[in-house]
Amino acid sequence: MGVVIEFKNVTYSYPLTDEPVIRDMSFTLEGGKFYGVIGENGSGKTTLCSLIRGFAPSFYKGELQGQVLVDGKPTVDYGPGELSLKIGYVFQNPFNQISGVKDTLFEEVAFGLENFGVPPEEIEERVVEVMKMTNILQLAEKNPFELSGGQMQRVALASVIVLKPDILVIDEPTSQLDPEGTESVFKIIEEMKKEKKTVILVEHKIDLVAEYADEVLVLKDGRLIRKDATAKVLTDMSLEKEGVQLPQMAILGNRLVESGVPLRYIPVTEAQACEVIGEAIRKGGK
Amino acid sequence: MNEKKHSIKSDFSMLAILIIPIAVAVNFVGGQLASLLKLPMYLDTIGTIFAGMLCGPWVGAVAGGLTNVVTGIANPVNFAFIPVNILAGLVTGFLSRGKMFSTWWKWLISMVLMAFVSIASSAPIVVLVYGGVTGSGTSLITAAAMAAGANIWAAVIGTEGIWTVVDRVISFLIGYLVIRVIPARTLVKFGCGENYIKKPAKTGK
Amino acid sequence: MWREKLQLHKTNPIAALYPSCKFLILCLYAVCSFVLGSIGVGEGDYPLFLIPWFFVVPILSAASGVWKRFVHAFRAVLFIAALILVVQALLIPSEKVVWQLGFLRIYQAGLKSGLSLSFSILNIAGMFVWLFQTTENKEFTRALEDSGMNYKAAYVFISSLQMIDVLGKNSRTIMNAQRARGVETEGNMIVRAKAFFPSLVPLIVGAITSSEERVLTLESKGFDVNGPKTSLFELKKSGKEPLAGGIAIVVTLAVIVGRIVVWVL
């Protein structure tokens, strides 16, 4: 698959502000890949998502220089609602992601499909499928306003996945979840990747990014300071000075190499660490 | 920036559409809270007022009218007051557009005007449809004034009038406090929001 | 099977009528009320026909199987109507005194206008109570949308009803929190009026700022997309609408003819 998203010298500032939040950003994202976006708070991650989805500048107004292209067409040229079929956007606060007009969770998840005019039989099929996948089918008859933060987050994800967009932009989907819930959300996202969808995920939990993302984008003060394969970015110790939190396994690996333990490569996930450190120990043991 | 053009259609932006339910609910909750705190006022136009302030007259009017439609479902007597609430939204919206909420004395004029409009619009309904009493706390005073020999119009305007003025003062104060707390980056997205942003003193950063 | 659960299954034939048919009945009933109210009876020209006519409302509600809900919702209307009757009869002075007990006097003009106002309200508001107690909100919006109302208007209506629930709950939470923090909610009126502000302002501000994200939510879910929408909830006609509407029209015509006959005689 080719390029689906392209930033051409993008600089963007919100209204009433002097300082741009995104500065001179250029990059391309390819279809079917899983991108992790990391960076400190206020580095422009959420704004990046809004730009991809076209909410900046269409809703936030403000000033956009350069171009954001989705499937080769600038986001500002898409008509109302057109991008919602292409890009599914799940944002941070799950409590504001319900329609506010539905009595049951089942109808809530179906809301988007009704808007797109999908026939009722198909709606039911798709909604049931997605609710099973996100493990919320047992809540189907509950009132959307009565859910916990974690359940809300899964509902938010489900009601976007059900639309089957090609691109998924997900902004910190696990802030309200415990480790178990987080893991399950990542399993869902992985499922999306298997379906050849492009995933752009903002996430603080670096170990999970290390495990699932194909490539990582690192943002700092509105600039893109690194974009490369996950293993390359997350083992780059110089990023620590830029305030980027690296996975524990990568730090451990680096320390081991520094202290003379010969590792075949620097691990970023637990599984990799087990593999290379195990190798080294077995070799050393001989 | 040159004068903004207004069309009714552009007034009803997505954000304005979402403000209407909030305004309706605030009207409702305000009224409930007022009776919970045993205040002798209705305080049920606060939502209409900030909807009008933020989004202009037409959105304010819809918020006002819809409030009485919705409360009318529980008690159809409220249907009769639909015009009063619509008018409140319209007047606030036009005042907001005319930048009548920029200085304290303009606020004062606006409040007096609003109080006058709501008395003038509700008194005929109270007298002609309800014969002077609507079952609220002030009805007793109205009835007492009538018993003392006052003309029904004088009794209604006299008693309802005082509380209406107090009601509007409190409602506008809340509207003012709300708008002061909302961050500027949110305010700019509303049709009339710019009127409430302190001119950005260009800080030479 | 999920879709089936979302549908309404009404067994009562009157309650199952299509909303627009019920609304037609309501309008015709209001017309009849005005016509009957214009017939003056006896020396004082009292609109006495309104009183027996009013019995249609509770009978219809009972026949629709919503008697309990009707009584519950109707109490507020009844209270106001009674209040109006008493105040008007006792306090609108005219030369003719119909009845006197000590200092209480019922005046003829007051009694006439009191009867007219209170029974008009009972009739019309009562019929609205019947309509709302036999029809669910989603039936109204569905019917309005099916008849061409803009989906945004439908959204605003339903969302308002939900928002009242949500903000109502939030306001109680905030008020309790304020109480715990020492904001006084009892005492003289100034104290109570002061408690009003900290309870309401954060509620409104929170709701307004969260509506920003709500806009994005709706746009993400294709609320703005041009083209036909579908709905999981379907509203069907029960088939008895022509019969019910027909009866209402016949009764109305009979009332109007009767009025003309009384006039001519």
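Every chain is named by a letter (A, B and C) in the order it is written, and numbering of its residues begins at 1.
Basically, a residue touches a chain if its C-beta (ideal position, glycine included) is under 8 Å from a C-beta of that chain, and two chains touch if they have at least 3 such contacts.
Just so it is clear, the structure is predicted and the values come from calculations on it, not from any experiment.
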Touch-based graph of the chains, sorted into line, ring, star, complete or other: complete
B-C or A-C - the one linked by more C-beta pairs in contact: B-C
Gap in Å, rounded to a whole number, between the CA centres of subunit B and subunit A: 43
Distance between the centres, which are taken as Cα means, of subunit C and subunit A, whole angstrom: 48
Chain centre separation (subunit B, subunit C; CA means) in Å: 22
Residues of subunit C engaged with two or more neighbouring chains: 155, 159, 162-163, 166, 214-215, 218-219, 223-224
Multi-chain contact sites of subunit B, meaning residues that touch two or more partners: 21, 189
Interface hub residues of subunit A, defined as touching at least two other chains: 59, 100
Interface residues, subunit C side, partner subunit A - complex: 2-3, 5-6, 138, 155, 158-159, 162-163, 165-166, 210, 213-234
Complex interface listing, subunit A residues touching subunit B: 14-19, 59-61, 100
Subunit C contact footprint on subunit A (complex, rising order): 53, 55, 59, 79-82, 84-85, 88-89, 91, 93, 95-101, 103-104, 106-107, 110-120, 123-124, 127-128, 140-141, 145, 159-160, 163
Subunit B residues touching subunit A - in the complex, by the definition given at the top: 21, 184-185, 188-189, 197, 200, 203, 205
Contact footprint of subunit B on subunit C as seen in their complex: 73, 76-77, 79-80, 83-84, 87-88, 90-92, 113-114, 117-118, 121, 124-126, 128-129, 132, 137, 152, 155-157, 159-164, 166-168, 171, 175, 185, 189, 192-193, 195-197, 199-201, 203-205, 207-209, 211-212, 214-215, 218-219, 223-224
